[in-house]
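The following block contains the structure, expressed as structure tokens.
Per-chain numbering from 1; labels A, B, C, D, E and F assigned in written order.
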Amino acid sequence: MAANYTPKYFNITFPQEHVAHVEINRPNQLNAFFEAMWIELGHLFNQLSTDPAVRSIIISGAGEKAFTAGLDVKAASQGLLASDSKTTDPARKAVHLRREIGGFQDCITAIEKCEKPVVVAMHGFSLGLAIDLSSAADVRYCAKDTRFAVKEVDIGLAADVGTLSRLPKIVGNFGWVKDVALTARLFGAEEALRVGFVSRVFETKEEAVKGALELATLMASKSPIAVQGTKELLNWSRDHTVQDGLRYTTIWNSAALQTSDVQSALLSGIQKRKPTFEKL
Amino acid sequence: MAANYTPKYFNITFPQEHVAHVEINRPNQLNAFFEAMWIELGHLFNQLSTDPAVRSIIISGAGEKAFTAGLDVKAASQGLLASDSKTTDPARKAVHLRREIGGFQDCITAIEKCEKPVVVAMHGFSLGLAIDLSSAADVRYCAKDTRFAVKEVDIGLAADVGTLSRLPKIVGNFGWVKDVALTARLFGAEEALRVGFVSRVFETKEEAVKGALELATLMASKSPIAVQGTKELLNWSRDHTVQDGLRYTTIWNSAALQTSDVQSALLSGIQKRKPTFEKL
Amino acid sequence: MAANYTPKYFNITFPQEHVAHVEINRPNQLNAFFEAMWIELGHLFNQLSTDPAVRSIIISGAGEKAFTAGLDVKAASQGLLASDSKTTDPARKAVHLRREIGGFQDCITAIEKCEKPVVVAMHGFSLGLAIDLSSAADVRYCAKDTRFAVKEVDIGLAADVGTLSRLPKIVGNFGWVKDVALTARLFGAEEALRVGFVSRVFETKEEAVKGALELATLMASKSPIAVQGTKELLNWSRDHTVQDGLRYTTIWNSAALQTSDVQSALLSGIQKRKPTFEKL
Amino acid sequence: MAANYTPKYFNITFPQEHVAHVEINRPNQLNAFFEAMWIELGHLFNQLSTDPAVRSIIISGAGEKAFTAGLDVKAASQGLLASDSKTTDPARKAVHLRREIGGFQDCITAIEKCEKPVVVAMHGFSLGLAIDLSSAADVRYCAKDTRFAVKEVDIGLAADVGTLSRLPKIVGNFGWVKDVALTARLFGAEEALRVGFVSRVFETKEEAVKGALELATLMASKSPIAVQGTKELLNWSRDHTVQDGLRYTTIWNSAALQTSDVQSALLSGIQKRKPTFEKL
Amino acid sequence: MAANYTPKYFNITFPQEHVAHVEINRPNQLNAFFEAMWIELGHLFNQLSTDPAVRSIIISGAGEKAFTAGLDVKAASQGLLASDSKTTDPARKAVHLRREIGGFQDCITAIEKCEKPVVVAMHGFSLGLAIDLSSAADVRYCAKDTRFAVKEVDIGLAADVGTLSRLPKIVGNFGWVKDVALTARLFGAEEALRVGFVSRVFETKEEAVKGALELATLMASKSPIAVQGTKELLNWSRDHTVQDGLRYTTIWNSAALQTSDVQSALLSGIQKRKPTFEKL
Amino acid sequence: MAANYTPKYFNITFPQEHVAHVEINRPNQLNAFFEAMWIELGHLFNQLSTDPAVRSIIISGAGEKAFTAGLDVKAASQGLLASDSKTTDPARKAVHLRREIGGFQDCITAIEKCEKPVVVAMHGFSLGLAIDLSSAADVRYCAKDTRFAVKEVDIGLAADVGTLSRLPKIVGNFGWVKDVALTARLFGAEEALRVGFVSRVFETKEEAVKGALELATLMASKSPIAVQGTKELLNWSRDHTVQDGLRYTTIWNSAALQTSDVQSALLSGIQKRKPTFEKL
């Protein structure tokens, strides 16, 4: 199966049945991202989304120092943040920027749109894009050495690939979101845990990855119809009224409840054995 | 007054002036729900909603073992989860499922639509439907022995009578919601308190019910115009922009502020005595 | 600069470069608000919003006893809560109430619409309107002696100048919001911190104000393009879907990213010195 | 089948296979509505909605003079519009009015929520409630003698059971809607046709009813899975963004496309014969 | 009464009881607008909105040649469209432009927010801002010589004070809106009538103004509670789902139905005489 | 330039400066679509969207008989509408259908998302997908021989690639939309013109294409900043409240108004010559 995936800037392995492990692999530059990387990331999650062999995914960063230090600022100053040499017209520059930002956002949103649950294990520097990227995932774990920051205001800009749109809906503490986003200050693992940005803190990076893998393995052991429906319905409900959430759930489950997974799961429950589910 | 209520699967009592106590009463089956029960529950809350003698409501479960173990899976496999014998056409099955799920949702939503505040006191097993039901209430208390789970993925389905639509708007920790909903794992009273799913944890079931009753009694002692308006405006605001919330509040209060309760409340405040309010 | 501001019910000072300090100044009446005060407050924040010399703002209350005890109930019973002597027609009274409530809301909303971040430092009695007002700000700090209450139901009405619309989107604990709003009970600094209503608790009022000033000073030291964009994008995202948030961010940043602040910030980062930004 | 329906204020017949005809039957009072009538109407359409023998419905009014003259004002002045004798408190009156208006709206909305298409054939006086009621249906036909009016402002109130919410989404001429709703002026069949409120005008009431029946019969001859899905998807799309409409359509059709009706319809098309579809 | 109004760029008269006539008064420049004019227009409609002597309003343009030729382009090139001399930073220019456009929009939106119905009578050149302005009104009439254009693309910009947001919701012909907005082509009275942009076409300007006055007089003769409620409920419904429209209507009418206007209107109907209503 | 485009199922030419002509090219099968065609269509419009040489686009169909007869039903019965051989589980089939429908929708939505205006010229059979496709465009023209139908219910399904979501927002006659969508009946050019589905009817296909080309040429002669902004702002406004539309417009124009196109356009206006605009 792994043969189908040949990313250049990420390692991809399959440590457990139905579980993929995506590792950001540019450790010498603190896993900082440049354009080719986020495009590849988008492609990768689009592919994982419909791969029948995959039921859950974890993301981590290679090397000891950083999950990712965020945007590779040097590359960006020659790209996204460069003055647009094609034109001096601010309106035309704006058009080019809109296309670039929109394309960048789509790559990160691929994690949220991925039909399977995604668990992120962070460590070390987890700055800027680290927050955007992990906010698009479902569950966040980290090592106790993790140093987070919504770093963008420090380089003169408002974060624009997801943090400002998703973070207020992930942690229920709007004052804290304002605090960290308006100051770009560092915060640690304990603070991230307290406000609910991460769900668990581990002693080391290795343990965080192991913990994420265990969680992903547990999710992968359940009915994929049930798990993937649950991810979708939670994301939909986040953005709609309770009534629209209930109605969409009804329509969704009018097909999903016809699955044989229900019988498999019920039977396995009675027989106290691990169910198996048809591939999806 | 109690004469008007003759539920079959619930006990209803009036332990304090203006306070109703609804008890799920199927303790031998861990208060598990089958269709006739949720239909009765819906009717009961529709009736309580406009009963002038009632200003707040508490819900608890009979017996020592469970608030409710959720759906009666055995009954459901012959009902909601049964293969639809009337047709083999998946689209027609979907129509029947839509109607059944929609009807079921309406019964649970009756708690949310009930004009009076509803406080739930949980204990023991509080699985699946327990989360859907209590998420439709206003405040949740529990005993320290409570064992919660968003259990649905374990029977092959995505929760569809409210948990996935309401839980993300009740607790401000989307990662935790994803975690418990995608794994179906058990969680205890302390965890529920920490993430804000319950507001208080008590030593025993009896104390939890007593605590809920005290809270409900306090709410029932306030102006019913003010209290019922507050419940409605908070629920509306949850589902709308701040601006739409403010506007709706303006329209609502343009009638509500004309109440004599304001004078009664102000006067009682000055005279340091308990106000009484015209029935509603 | 201060010459332009001559409020009657507030003190305004500029304790740090680019930082304004607004102090509610009616300490003899526990800083309770009457109509002329909230109108002045609205004007003040509209003016601060576009003042190029101001990049962040703190609000506190004069005197030792209260940030504000809320609405001056005595004044209100002759104004907003007075029976409307112009007419006995409930529909016409409703029209007058709509206009008054709407006008009142606009004054408080001026804090939210103010383009610069606003940090509130509370102490002592912080009742009713204190919650409405501080909920419209970005970050809330308090002294440990602060006594909060969503006091409105105690005077027979549902809070209508912002608390019920904003509080559920500030703290991610809807059960707690229901609890305090439906009972009007007092809660203290520690509880406010635990649920995320305030971000930090200080030993004394003076320290809280000092803390707020430090935070505001830090925000004022960053690129105003980045900071003001971040405030706006977070507030927009709170009220829209993630997708609408991302799109709005794209459009916003298509102009904002053309700022020279990005180069200034990047260069200062490399040169390890404090950047300066053109006034805005 | 007709045996199941025993309405008191309506006639119900089944003039064609799968087509029900509901006739408002109070011709001596110009088919004016009082409370028991709209409650019965609501029940009737809820029942028709899930009756497998029914695939489309027409509504008309008995007698020569009126489809319906609207609210029976005399009955209403003792009911909905009566001064509320139970209380003098405007806020409590408002609660009672809210419940009554809400209940009334639900009865009319039952036509919109009915899963099958509803065609209305109007004639003669079609005032006030006639507009509310027919706006909740799918297609409107009328005789050339029809006299329409959004009559409510003439009795001192804003229309509140659907006209003001639905009419602007039915006819794409907001100025015309404002004109007729703000003046209560009469308008005739030709004007109704020109602005798109009705789809066809017939010489006589009998022809209008016949035309409606032919349209309903045509709709009833198509796949009920396709027809009922189309009604629902159009109503959903009216109230949502194009993107939410597309997504909801995807989820809906993921079950609906599995129907054997597709094969039946395709085969009938090839064989040039009338398809038959399993009952729904 | 007229004494209270002293506009500089508009004439204001009261040709009928409860009816105000606002005339754009810069005929020598084809009634073209510059900044001071739209600010005055906003103030004027805010004042009219709560003037108890006014129940409906008409707007027309002085002189024979134009209702308004739109933006005074010469003035604009030194103002709104001038290059911003205060800064060369495109992001800072964007901030200034945002404030200016937003302020301009608020002035036009004052017509829509005005609680009383507004009828516009157009003639001659009615370009650019003429469309923005009249789209914010309730009903549009015109003389047959009127020449309309959504003129903005011809001066290199997308219309930004209302046309693009309101026109698609006024006329139900999105292709036509795209056509005229993307080409800036002229269109005449007959075309405007056909697509529903205007409701009636008159031979001359004088007749158009007379027709508008008759319509406004009719509206002013009805219960102001009913009329103003109807305007508000239609505008709210345009922007919300049918369900949110129905709910808002319920809340609104729970106060409005308590008016004595209902009894006055009913009684007048029975007695066949013109009702009078308490001032509002 | 044409060298960059090598579509297989479409012809692409550039009949005027800045204008592209896309012709559906499968005349022997009435231009019926199969999967490879809509995928290519999506790619084509994504490419045109950012091609600086293109400022407007027209679409027509090759051959005399049809713009397009819609879905190639034969191909579809082996593809989208085929029973899913990979699984018998209805829930898994639903997942596969969701992915296929979603992918199909994206291809059609590419026309709407294309930054440049798109004009469609239809003739002959214009069934099913013809309506979906043309509804995603900006302006629709047709020859008088055109035969339209929302054909989907005739093959047992609800239209799912755009018609049901877009048509109610294009034509302001919801009853007509219901009529044609629930009956699948044919309608002609005159009816399409009357309800506003098409903007103009021509004698022949050739004239329709010529008319479309003239319109597109006119649009291409205007400032591309203004034209593309206008398309985007109209589409955004269709799906949002007026207030959100106004706000988005403000943000958009805060960059767009900085264009030198404004000066070019103003100057050309004064000098009575055709402006030229920098490429975009």
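Rule of thumb we're sticking to: a residue touches a chain if its C-beta (ideal position, glycine included) is under 8 Å from a C-beta of that chain, and two chains touch if they have at least 3 such contacts.
Chain labels with UniProt names: A, B, C, D, E, F = Enoyl-CoA hydratase/isomerase family protein.
Computed from a predicted model, the values in this text were never measured in an experiment.
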Please pick, from A-B, C-E or C-D, the pair whose interface repeats that of A-C, with more than half of the contact pairs identical by residue number. A-B
When centres are defined as mean Cα positions, the distance from subunit A to subunit D in whole Å is 47
Per the C-alpha centroid definition, the whole-Å distance linking subunit B and subunit D comes out as 34
Averaging only over C-alpha atoms, locate the centres of subunit B and subunit C and give their separation in whole Å. 33
So which stretches of subunit D touch two or more other chains? 90, 93-95, 169, 171-173, 196, 225, 238, 243, 251-252, 254-259, 261
Going by the touch rule set out above, what shape does the chain contact graph take here: line, ring, star, complete or other? complete
Write out the stretch or stretches of subunit E touching subunit C in their complex. 50, 87, 89-92, 94-95, 99, 115, 225, 228, 255-261, 278, 280
Once bound in the complex, which stretches of subunit C touch subunit F? 248, 251-252, 254-255, 258
Spell out the part of subunit C that touches subunit D in their complex, as residue ranges. 90, 93, 243
Which positions of subunit B touch subunit C when the two form their complex? 117, 138-140, 169-173, 196-199, 215, 218-219, 222-223, 225-227, 229-231, 233-234, 237-238, 241-243, 245-247, 249-259, 261-266, 269
Per the touch rule, the subunit E residues reaching subunit F in their complex are 73, 77, 80-81, 90, 93-95, 97-98, 101-102, 105, 109, 112, 152-160, 162, 164-166, 168-169, 171-179, 181-185, 195-196, 238-240
